[in-house]
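Before anything else, here is the set of structures, which you'll find just below.
Consider the two complexes below, in which subunit A is the common component and subunit B and subunit C are the respective partners.
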Partner chain A sequence: MRREIPLIITTVAGLVFAVSYFIPHWPFGEAESIFGDWISIVQAFAIWLGVLSLVKVSLEKVSRQPHERPYALVTIITLVGTIVAGLWAGIAGLGQTPMVSFRDTAAFSWIYEYLYTSLTSTMFSILAFFVASAAYRAFRARNFEATLLLIAGFFVMGGRVPLFDLALGSVTGVDTSIFSDFADWIMNYPNSAGQRAIMIGIALGIMSSSLRVILGIERSHIGGES
Partner chain B sequence: MVKIGVSASLGGLVLIATLAIPTHKLRAQSPDSAQSAPDSISQSALSTSAPALPAAPSGVEAVDNPNDRGGSISVSWEKSPEDNGAALITGYLVRRSKSSTGEFIVVGEATQGAMSITDNQTTDGSDYYYSVTAFLETAGSDGKKSRLESVASAAGPARSSAQWFNSDRGICLIFALFISAAILYFIRSAKSGKAVYVRKIAGLEAVDEAVGRATEMGKKVLFVPGIQDMNDVQTIAGVAILGRVAELAAQYDTKLEAPMNKAMVMVTARETMKEAYTRAGRPDSYSDNQCYFVTEDQFGYAAAVDGIIMRDKPATIFYMGSFFAESLILSETGNAAGAIQIAGTAQPSQLPFFVAACDYTLIGEELFAASAYMSREPRQLGSLKGQDVGKAIFLALILIGVTLATVSGLSDSALWDVRQFLLVN
Partner chain C sequence: MAHTIALIILALLGVSLFYVVYQTIVGRPVERRIVFAYIGLAVSLPLFLKMTPPVSVTTDVQNLADELAKLPAGSRILCAYDYDPPSAPELQPMAVAFTKYAMRHDLKLICMGLWPVGPQQATMALEESLADPEIAAKGLVYGVDYVNLGFQSGQQFVIQSMGSEFKRMFPKDDRGSFYDSIPMLNNVVNFSNVDFVMNFSSGFPGTVEWVQIAVDRFGVKLGAGNTAVQAPQVYPYVRSGQLVGLLGGMSGAAEFEKASAEPGRASTFILSQMFGHAIIILFVVIGNTAYFKAGRRSTGGKS
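Moving on, here comes the complex of A and B:
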């Protein structure tokens, strides 16, 4: 039964979702939102398992792995600190509208605005440097395909900014948009064709994968065959 | 028949406008209280200049919203003649009543240029009447806002109902049934023992080698299953690959670590890993600490995984699942750490990043094929064959479409010129 019950739930839920895509009438039309609510509820409870796992692993790192100790300590301190700030705000706001006081509390807002937001922005901004380093490697003309990529990238980048058109215009004395037109052509035709081919493949892959899951042929997500 | 009076004083000039409205009483309204509007516009609202009343929209139609589960009616109209972007109109107000002579209440507001809204608050089987007015919002010298409304155009009755079939998705259903039938046929065929050929997928062929490399180097294998939950099919595919990687890691006695972004994925992945270690005959080697939750935050997760990569320097890293902006942050860090990296995602926008930063990339459908490919289970391989039938159908349709579009283009221009040339000569 440990295998059968999850399989039955998967099959029933999968079929109901598939049917509700084509039949909007009750009860199928409601199924999507009902299952969506259930997913949210299960996720809300599952987060406790996640927090327990984080605390357990971090405490073990503190006690057994000296080189991981500082990072694990930061994790535990910030986790506990944020929970305390949030709970304190909730308790302080019991006589008022709780959510308003929760948002307005100085400690919790401070953590959000001056720690969380700035750290998140820092991680996101690192992306710019990684794009440059990845592009440098991708655009090396090591073989025929990489050379094609280099040429296409050269024209797309030159066409996306007015640099090439401006340079050509200043040499010939005539306003031109030939490079930006060529960049648009590359993006609209070869690029779109390639992307759509990938997306058709993905759609078929999802269909095939979903059928395997619904029919119980694919069982890896519930632990495998045995 | 109800009348509305608007009056304003402007340097001794008194403006009086009286409108005859056939269905209900219309009022100049404060935008903050559309349904409890004042009876008239304040004089200060028109103190500097007296704006003209907007021209009414026309051709109002109210029909049941098609292909839905009921409870909604679409209201459409032709734009007011003054709706030309010249700030003579601020927007449109849509009102509803249960009878043509009853009180109409505001159910929606549309901005300038809009020609329809959907009323999602109807009861199936009841008749509803709608009216649409154009309005102009004005602000007086005291900053108080008021509205001038046009004559109402009405429509109805309309009745909402739920449909038994979404006709917009008819073609989709035909394709889905046909391709599903092909997949089921090949699954059955493979089950009966018929050999199924599947082309080599370099990224999946390299999985054994990648885990073996970690074993030789005495370092760990890191598995990153993306940042979506278990309701995403990419995550399911990623967890399926994790099962195979865990089995190999157990066989080679190599440490496998899987930091998770979602608690539900963690629970599922733990179960999968535990089963994989049992299949490999080493259930004691598995520990729940190998698969742990980090955070649900996208960049917090990226920072944590980057930290693990830089501190532990894993020999092999797998990225299998749904990724967004963190894809390049993770894979470039892995590249800098010298790890062999195998990625797979069905997010087309992230594929170029993985291709640039990883040694092998499973592109789109290859991610979904991975479980079947690695398990070599006949029924799963059969489903891949059925998928190929779908690809053949789409390829044929694309070729037919391109040919027809080309012929159509030629007949419109070049062929026409050739025909004219032949006729003339």
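Moving on, here comes the complex of A and C:
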């Protein structure tokens, strides 16, 4: 039964979602709404599972890995601090008239804006430095495909910002958007065509693997062999 | 003063590239810390320059601006902020420009997020917009002119459930008020009661899911603002007409600011991006020049 019940739930839910797209009436519409609520509930629990897993892993590092201890402690302290700030402000906000969200309060906003936002934005922005370094050392016109990519990248990078248009305009003395239009053309036509091909391929792949899951052929998600 | 100093340093930076060209051609590519320094200076110095580069508005951005211009005062816009702080430098300027536009033109904003921190980004955009003197003078009221429904877990299934009833997914707003007690939501049951949907997205769930469910299944009019990385994936939906318009990355934000006459941060930041792109293009050209000069042998090294 440990395998049969999850398989039945998977098959029924899969069929309901597939059929209700075409027949959104009773009983499929109602069943779809119920399964939709289940998904929200399961995913809400998954968030807590993630938090608990993070705490468990961090506590293990604190107790068993001395060199990882400072980082794990920072993780635990900031996690607890943010939760306390949010809960404190949220509960206090419920008693006010009009009610105030925990997001609107000074403590939580401060943590979010001046710690979380700054740190994560910094991590993301580091990409620009590595992209530049990698482009300088490795982005070479080695063959036809690489040359094509290089030319497209050259015009899109220069055309998506007013760089090339400004340069051409300052040479000719005429306002122009020729490079911006060309970059737009690359995005709208060659890029769209390629993206569509990829999307159709992915969609077909998803359909076939979904059918395998619905029909119970693919069982790896419940710990079995496919 | 800062403008002049920044301009001089940028000029020196340009001249010093000849050294990089020479070193690369003789087979001694500059080490990556120097490349990092070039990028750092190229991105940060333009922030001190008092100039705004001329931006040409692309069709996709103009279409979005035109569609918004058609909305009469009092129209309801559902705005989904589906991104988090790493993408905020790109998406927040366009979210602020959009929020300001909506508030200035008396459009009612229903904010929400499929990402846990999306509503926080919405709050920041709302606060920045409300601080604008012209908008502040309107005396807009939470729950009457704008509302933040908060986050709901369930990813694309939230959109699907909203197709039948918003209240089902958002029984309370972000402040804990019951859906039915919020005046501007009195007659809002589902997508058929909103006039336009706008989505700011940097991944999953995001614009693709909004198109596949809200547009295809429930027929909403959807506009989108995406990071430059995600925008190419969304272009097919623009061409097919499923998306009314698309703001792609910082340039899309700057174009929207120009098209909607709502100058903001993107119009300033685009200069930094322009210099950043210029440096990367120059480094690619230098690298390839050395590559061909060396008879198509590798001239790279560690990246």
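What we mean here is this: the second predicted complex is superposed on the first by the 156 of 226 C-alpha atoms of A that agree within 3 Å, B and C clash if a C-alpha of one lies under 4 Å from a C-alpha of the other, contacts with A are read in each partner's own complex, and residues count from 1 in each chain.
As a convention for this text, a contact is a pair of C-beta atoms (placed from the backbone, for glycine too) under 8 Å apart; a residue touches a chain by one contact, two chains touch by 3 or more.
Nothing here was measured: the structure is a model prediction, and the numbers come from that model.
Contacts of A:I217 after superposition: subunit B is touched, whereas subunit C is not reached. In the superposed pair of complexes, A:I47 makes contact with subunit B and with subunit C alike. By the touch criterion defined above, A:P190 reaches neither subunit B nor subunit C. Once the two complexes are laid over each other on the shared chain, residue contacts for A:S180 go to subunit C alone; subunit B is not touched.
In the overlay built on the shared chain, the residue A:D37 is in contact with subunit C alone; subunit B does not reach it. Of the two partner chains, subunit B is the only one touched by A:H67; subunit C is not. In the overlay built on the shared chain, the residue A:G205 is in contact with subunit B alone; subunit C does not reach it. Looking at the shared chain after the overlay, A:V161 reaches subunit C, while subunit B stays out of its contact range. Within the superposed three-chain model, A:T120 lies in touch with subunit B and with subunit C [touch as defined at top].
When the two complexes are superposed on chain A, the residues of subunit A that touch both subunit B and subunit C are 21, 29, 39, 43, 46-47, 120, 123-124, 130-131, 133-135, 137-138, 195, 199.
Against subunit B, in their complex, subunit A makes its touches with residues 21-26, 29-30, 39, 42-43, 46-51, 53-54, 56-57, 60, 67-68, 71, 119-120, 123-124, 126-127, 130-131, 133-135, 137-138, 195, 198-202, 204-213, 215, 217-218, 220-224, 226. Listed in rising order, the residues of subunit C touching subunit A in the complex are 29, 32, 35-36, 38-40, 43, 53-56, 58-60, 84-89, 116-117, 119-120, 123-124, 142-143, 148, 150, 152-155, 157-158, 160-161, 164, 168-169, 174-177, 217, 228, 231-233, 235-236, 238-239, 248-249, 251, 270, 273-274, 276-281, 283-284, 286-288, 291-292, 296, 298, 300-303. The touching residues of subunit B, counted against subunit A in their complex, run 67-70, 162-166, 169, 172-173, 176, 179-180, 183-184, 187, 229-231, 233, 236-237, 239-240, 243, 260, 262-264, 266-268, 271-272, 274-276, 278-279, 288-289, 292-300, 302-303, 307, 311, 325, 328-329, 332, 346, 348, 351-353, 355-357, 363-369, 371-372, 377, 379-380, 383-384, 386-387, 390-391, 394.
Of all residues in subunit A, only 21, 29, 32-33, 36-37, 39-40, 43-44, 46-47, 90, 93-94, 98-101, 103-104, 109, 112-113, 116-117, 120-121, 123-125, 128-142, 150, 153-154, 157-158, 160-163, 165-166, 169, 175, 177, 180-181, 184, 187-188, 191-192, 195-196, 199 touch subunit C in the complex they form.
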